[in-house]
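Heads up, the thing below is written out as structure tokens.
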Amino acid sequence: MLKRFRVVNEAFPETPEILEHKREGNKVFGWLCTYIPEEVMHAAGILPIRITGYSKETELEDGNAYLYINNCSFSRSCFQMGIRGEYSFLDGVVGGSTCDGARRLFDLWRYYIKTPFHHVLTVPRKQTQKAHELYYDQVRQFKQHLEEFLGVQITDESLRHSIEIYNESRALLGRLYELRKRPEPPITGAETMEVLNASFRMPKELFNQWLRELLDELAETRNTHKGRARLMVVGSVMNNPEFIQSIEEQGGLVVTDELCTSTRYWSDPVVLDEGMTLLEAISKRYLNGFPCARMVPSEERFNRILGLARDFKVDGAISEIIRYCVPYAHDLPLLKDRLKAAGIPTLALDVEYGTSGSGQIQTRVQAFLEMLEAKGK
Amino acid sequence: MIGSEKRSNKISAIIRACRLIMRMNQSRPEARKSELLYYKMLDGYYSRLLNARENGKPIAAHTVFFPSEILYAMDIIPMHTETTTWMMSLFLSNQAEILSAGAELGLASEICSAHRGLAGAFSLGALPRPDVMLWSNLICDNTAKSGELITEINDCPGFYLDHPFQHSRAEERYLIGELESLIRFLEEKTGRKMDWDRLSEIVARMDQQIELCREISELRKAVPSPVNIRGYLQLLTVDYLCPGQPEAIEYLEALRQELAGIVHEGKGAVSPERFRLMSLFVPPIYLIPFLDSLEQEYGAVTVAEPLFTRWAAGRLDPAKPLESVAMKFSLIPERCSMYGPLDERTLKDVAQCAREYKVDGAVYWAFIGCRHTCAAMRMFKDALNEIDVPMLTVDCDIVDPTVNSKEEIRGKLVQFFELLEDR
Amino acid sequence: MYMKALGIDIGSLTTKAVILDGDSILAANIVTSSDEAELSARAALAELLNKAGLSSSNDLYIVSTGAGGKSVSLSQQQKSVTTCLARGVHYLAPSVRMAIDMGAESSTVIKVNERGRLNDWANHDKCAAGTGIFLQQMAKLMQVSLEEMAELSLQDKSKADISSTCAVFAESEVISHVHREPPTPKADIVAGIYFSVVSRIVSLCKRVGIEKDVAAVGGVALNRGLVTILEKELGCGVLVPPNAQFVAALGAAIIAKENIEKSLGR
């Protein structure tokens, strides 16, 4: 069951499902950041897929030539794929004013790659009532822009339907993570990452079906995993199962994670409320969701990380921060303190996007695991 | 903890340096009145900071582009964090000390050195402990994220001002809401009340200040141009430290008069004037004296900084003080072009600026800690290339002298001058 | 009165000199550089005059360039290499808009406009990879001569992976390829080394913006195998003028000629 998720990831961006969607005359939009309201696009009949970079560390000459060497390798990697035409099948791109790397990626994308539809949402950094009002307005404007571009009306009915499908995805992923709470989970962190990666690279309906089947299979399986320690990986963007695998091969079982591409993506459903329009419910979920390091105050993010650590009975945390990722780098000293106070040591790794975690990283993970084992005695 | 003696050390040193320069200037007959006023203004700013406790006034540390007009109106002493870090590096050359203190706090080396240095300076007690810390997301992630650590280091309350990215009506309303929250926060935490009349006065002066800046910018179009890179630093500092303050107006009026005189006489800041340069982003502050002498040596003159001194059109209305404070942000050159979608409008404006100022070449100061400006480089270069204006990229750091040496920077600039001469 | 225009390019490995007669090249020669720039320049000058059948240096206008360009007393003017390259390339191939100088100590990419004027340039200030000296070091590690290395590159092969972006680390990768059991075929290692060098250069090209026509000059440009890989990675043809090593010296000579003309009031 896991294999087909991997097939999707290996084929990306030329996933058969994406190509088929286009062949049927439908549109595919690329989005970036957990703040972008996918349901709105989905309700318009668009297939929203997440813009990601190369699946391994690679020369980023084109990325460097536009974003310069001091923007994170994630933004450079995404841009390079874009400028080399690997995302030429996209009919639109949607981003937010989330971080410097992302916003410049979108500026350059509009200027040089010129995907037909381009939209940027202002995303507040606060979660106050006024911030919600602003974000609701932004989502409304986004919907309007979509309707103008596509020449369609996005109805409440279609929105409701999309919310259902996306909420189901979230619930299913929640169930998958529940399995990892066990002392001997039936699924590894690396395998979970394959599933997560596929979730934003294919139609959600099909993904939900596959995930349901996977959960059924996992319910029956006797194949479980045990590690020398239970770990949590925290950081920004991570799409590489090899990285998680290199940690797990040493015995560090990754039972949960806090990443743009994991829990911050799927946690929290859209909650429908009688007093709220559907768009308002959507915008509320996205702004209030598991906060990215860009949000102020950072305490909210820290609290949720501590919650995860507690629920998944984590022994240690591994922080992976891409070089030049500013928001996460600023949070790190404070986060380490909070985790330390909760009795959880942190290994801080400096990485490049796409790293498979070989050499130096393995050595440090090894040392970290030995330290955790000694501590446990 | 470090005693208050050491805490004020660096500020005293900055004041001492200013007074020394003022004394030196006073003894020179050809010294300009604006120079005297500039250092007097700096002296005043830092003296108020040094004596704040004694005078029973609260100190608010704040990041760049923070509406310190509000602080002045509430009789709160502002401490501009980035500028103070620059001043320290310029006058005291203590970069290594504060940067290593920043590293010890666990801040990665990729984080902007101005912010690393700032956090380091606070942790060393080199800056006075503020009563409140204020920050915003102008102009980048570093600014947005640096505040929380500062509040922890200083154990003081903090307020984050959230600027919207674009300019829709809802976003303008949001910004006003944020400013109102800020005022409520300050009233609560410092016990000071907003004096709306005073704010109106400040807004009126701010409007005047921006007009003076526009006039000075116009004067710089002259061939030869009356202001060079040293003047640029002064213009920047005046706006950052004393917006809407009488001493800022005094300085700018004196400067305008002097420049008008210089232009009338057909004189220039450098003689002979051989290359007219446009500066994109900010040169290393600690190198400004060096760059000043380099300009003199080669006859190069920085005539325009479209991202900093080219104010957009628009007037401030003292009858609507809060709206005017909000509106000012959209006039600030760097804010409109550097925080907000960067599109053809900004690029066309930079090209237009190059034409208006008869620019021979542009120099892009690629500050290694500044991600969003470096990511814009390619777009600027291509836009300038279309009007046949070459652009030089100089890798540097605004505070840290170890990133690139003087010799290397000199080498690149000299090679660029050769390129310009050869055209 | 100055009559003949002469350009000297004093590099760290070799010194090149070119003398013009009117618009055409009268003679050109190359000598190994000595430790002192002054000596290199004088040696190059002496040989060149000999070749050109001229007896004294009195009726010459000399422009010097290159790493040692500043330290010679016998030139009337000194110009940076990039300015000279622009002139030289334009003289040899006026359609060229981007030229890559693959020299001993550094690689430089220049953009030239339609009048032969420099628009932009880029080089790796702090990086040894992508240069002649790097290739020399690699050849030594593999215990082959540079010529043998070039021959190997023309063989049919698959590329060994040399992933390091830094010359220092690349060196240890090459060593491990040479010493592994069984050792990686030499032709494959050469392909990997050349690819690594080309990558450095291509990233410089992208920084200034690739614009056709593209030319490669300097000593390393004479390496056909390397240039073939470069063409493939750039995605376009690369012109290598027959006097590739002399382009900067030629450019210096052209500038000398312009100065002569200026002083004659033309």
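Residue numbering begins at 1 within each chain, and the chains themselves are lettered A, B and C in the order written.
Quick note on the criterion: a residue touches a chain if its C-beta (ideal position, glycine included) is under 8 Å from a C-beta of that chain, and two chains touch if they have at least 3 such contacts.
Nothing here was measured: the structure is a model prediction, and the numbers come from that model.
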item	value
Chain centroid nearest the full-protein CA centroid	B
Chain of greatest Cα-centre distance to chain B	C
Interchain centroid distance [CA atoms averaged], chain B/chain C, Å	43
Distance between chain centroids, defined by C-alpha means - chain A, chain B (Å)	37
Interchain centroid distance [CA atoms averaged], chain A/chain C, Å	48
Multi-partner residues of chain C (at least 2 other chains)	209
Multi-chain contact residues (two or more partners), chain A	65
Of all residues in chain B, those that touch chain C in their complex	381-382, 385, 388, 390-391, 408, 415, 418-419, 422-423
Touching residues on chain C, where the partner in the complex is chain A	165, 199, 202-203, 206-207, 209
Chain C - residues contacting chain B, complex	79-80, 82-83, 86, 113, 117-121, 125, 209
Contact set on chain A toward chain C in their complex	59, 61-62, 64-65
Touching residues on chain B, where the partner in the complex is chain A	105-108, 110-112, 137, 140-142, 144-149, 152, 160, 162, 164-166, 168, 170-171, 173-174, 177-178, 341-344, 366, 368-372, 374-379
